[in-house]
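In the two complexes that follow, chain A is the common piece, with chain B as its partner first and chain C second.
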Partner chain A sequence: MAANPMTQFEVYRIGPEIKVGAFDISFTNASLFMVISSLAILIIFNLGSKKNSILPNKIQLLAELSYSFVSKMISDTAGSKAKPYFSFIFSLFMFVLFCNMFGMIPYTFTVTSHIIVTFILAAFIFIGVTVIGFIKHGFGYLKLFVPSGVPIVLLPLIVVIEIISYLSRPISLSVRLFANMMAGHTMMKVFGGFVVSLGIVGGWLPLSFSVALTGLEILVAFLQAYVFAILTCIYLNDALNLHH
Partner chain B sequence: MFKKLFLYSLIANFFFIKKIFAAESGGMPQLDPEFWISQIFWLVFTFGVLYIVLSKLILPKISANLELRKSQIQENIEAAEKQRESSEAKLKEFDGIVLKSKIEAKNIFKDAREKVIKNINSKKEILDKQIDDEIKKAEVEIDTLRQSAPEKINKIAVVTSTEILKKLIGAEVNNSSISAIVDDLVKKNGDKYYGH
Partner chain C sequence: MSKDPFKTRLEIAKKKVSKRDLENKKDNQSPIGTAFKLSTELVSAVAVGTIIGFLLDKTFGTKPWLILIFFFVGVVAGIINVIRSAKKMQK
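Showing the complex of A and B:
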């Protein structure tokens, strides 16, 4: 019995070992769920955009509601200048959301519960946002670290804090998602294990906990995808509209 | 009591988890770098494909669909507005026509009434004139008759008295003496005879 709550996060090879040079890029269970999530997104949104009727059917409504949801989120947080980055943020939100949600199905693998995945996403966002900031504002982008209206005495301290907080963005962004996913799934596994070990007599309490946790985890899965996307929007807003 | 039990079990749980972590040889599988390269590769691949397909094929279609629907709805609203305006204009026109025809009907009625009244008045005047003429004529006739009446009566009286005298006496009486008597009587009692 897999009583260990961490075994669900183990990555293992599916199929043969593929090596490119010194790198092992074998197809794993993590890769499988990335592919499944992407394919699910593509299939749903392809079906949702195929036909255009004035009265949309359910799948078209789903696609269009998601579109306007993300579109509104971006325009609310980053303004109209962020329009060219809509596709990226939409893909990001959907990818994280679907990976989180597929992880909620029993016996599946949660792609976003791995720090390396979330860190690569966050690092890409961080580098991208920084590059956009320097392209848009040149060295004026460094003014981001110098807030206006701060007493000159405090300025060195504030600048150091701002730089640290800016540099910690990819870490906080990736750890937030990864830790939430891992903690939630570990908790569910632990409570599931309690149900088994306490048996029919005492298993009801952890079982009810497990049921409640499942609801909570579905909420967290959505919320974390939303937070990930909205933080990306906020970072993008910093790069596009220097408000300091 | 229950609270205490719950707390104890919570603490026991933490120990339990700690034990599991200790038992695991590598700790968290997330920190095992064996498949990091593979995960990065597959993440970049799947996310890249997802991004390209979404941004090039699917999202423009959804955006076009939304745009089309918006414009269509806008168009429909505009068309409805236009139709409403035209129907309002037509209603106004209709009201105007009704009002105009009402005024016309009133005018026609008034004209007809005036004409009839005028007609009646003129006819009445003509009739009045005719009646007046007739009355005048009749009055003139009556006057002439009245004026000629005493003479005639006198004559008749003279003739009849002559006749009567002839019959009664059997002798001829002079006409002139009788007429003188009649004249005398008329002069005396003319008012009594003719009722003036």
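Showing the complex of A and C:
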């Protein structure tokens, strides 16, 4: 019998149980893979920026390419005012990308396939962007909820709708990343299970599907990290350049 | 000596890069990505509306009226979200 496709998302404890008050903060496999991705980013970018040669080696090229990629993305979507937030968006993009990519290696754990991880990231972005908006515009930031040219009778309804649409941002941001990662990994596991259960006679078709899906998943892993970062830029743009 | 040959070459290369960027800008998102983006925009607004309605119902004890009203407000907000992001894509 093929393994349950959802067991790959199980979180279990590594090492001793640690409790602070009512909270269980033990080190789990999810934490392990977050640490691994962060360390990988740190190592790659430290090696990449160590030697500033004019003719870059592979690691330096990787670091420079990703730097210019994110920097271009920010200036395209949020303008030059968003430059001070470069480091935040860059680390966000790299973290999501590396978590997604580490999940593609067999027997690893995909951190971003858990809604709580993506939701915390999105909620952090949401609160940060709102705070930035209030710092830059004061209470004028509330004008975001009042579009111009609306009849006064409709205004209460429109404001409620705008508030709901604003509050739905972190949810749509987190659900998108989580659902993409989880659906893709479940599908790969299901096709893998077909290969095993159909055996050597009929297993070739699902096997070829699995290979194709792996390629698709690598694309999705990159694309979702990109979408996550670019939507952060768009929200930041709304907060920095207030116009409606 | 009219011009530094390196500078002219650099200018030509820069022009090529900006031209290529303009061409790339038109479609750099995959269809699956855009479809998924629109659907989550719709669903999340409905979810937020319903949650707000549920919480208000609980605090005011007006079950089930506010959850009904806010569900439909959420639907409207979701449709507005979808229209907005579709407009942004067309730009």
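Rule of thumb we're sticking to: the second predicted complex is superposed on the first by the 232 of 244 C-alpha atoms of A that agree within 3 Å, B and C clash if a C-alpha of one lies under 4 Å from a C-alpha of the other, contacts with A are read in each partner's own complex, and residues count from 1 in each chain.
The rule is simple: a contact is a pair of C-beta atoms (placed from the backbone, for glycine too) under 8 Å apart; a residue touches a chain by one contact, two chains touch by 3 or more.
These figures come from a predicted structure and were not determined experimentally.
Asks: In the superposed arrangement, does chain B or chain C reach more residues of chain A?
Replies: Looking at chain B versus chain C, the one contacting more residues of chain A is B.
Asks: Taking the superposition on A as described, I'd like to know which of chain B and chain C A:N57 touches: first, second, both or neither.
Replies: In the superposition, A:N57 contacts neither chain B nor chain C.
Asks: Let me test your reading of the model: by the given contact rule, A:L167 touches which partner, first (chain B), second (chain C), both or neither?
Replies: second
Asks: Applying the document's definition of touch, where does A:N241 land relative to chain B and chain C: first, second, both, or neither?
Replies: neither
Asks: What is the contact status of A:E10 with respect to chain B (first) and chain C (second): first, second, both, or neither?
Replies: First partner only.
Asks: What residues of chain B sit close enough to touch chain A in their complex?
Replies: Those in contact with chain A are residues 13, 16-17, 20-21, 23-24, 27-32, 34-44, 46-47, 49-51, 53-55, 57-59, 61-66, 68-69, 72-73.
Asks: Can you list the residues on chain C that touch chain A in the complex?
Replies: These residues of chain C touch chain A: 30, 32-33, 36-37, 40-41, 43-45, 47-49, 52, 70, 73-74, 76-78, 80-81, 88.
Asks: Under the stated contact criterion, what part of chain A meets chain C in this complex?
Replies: 157, 160-162, 164-165, 167-169, 171-172, 175-176, 179-180, 219-220, 223, 227, 234
Asks: In their shared complex, at which residues does chain A touch chain B?
Replies: Result: residues 3-7, 9-11, 23-28, 30-31, 34-35, 37-38, 41-42, 45-46, 48-50, 52, 54, 60, 63-64, 67-68, 86-88, 90-91, 94-95, 111, 113-117, 120-121, 178, 182, 186, 190 of chain A touch chain B.
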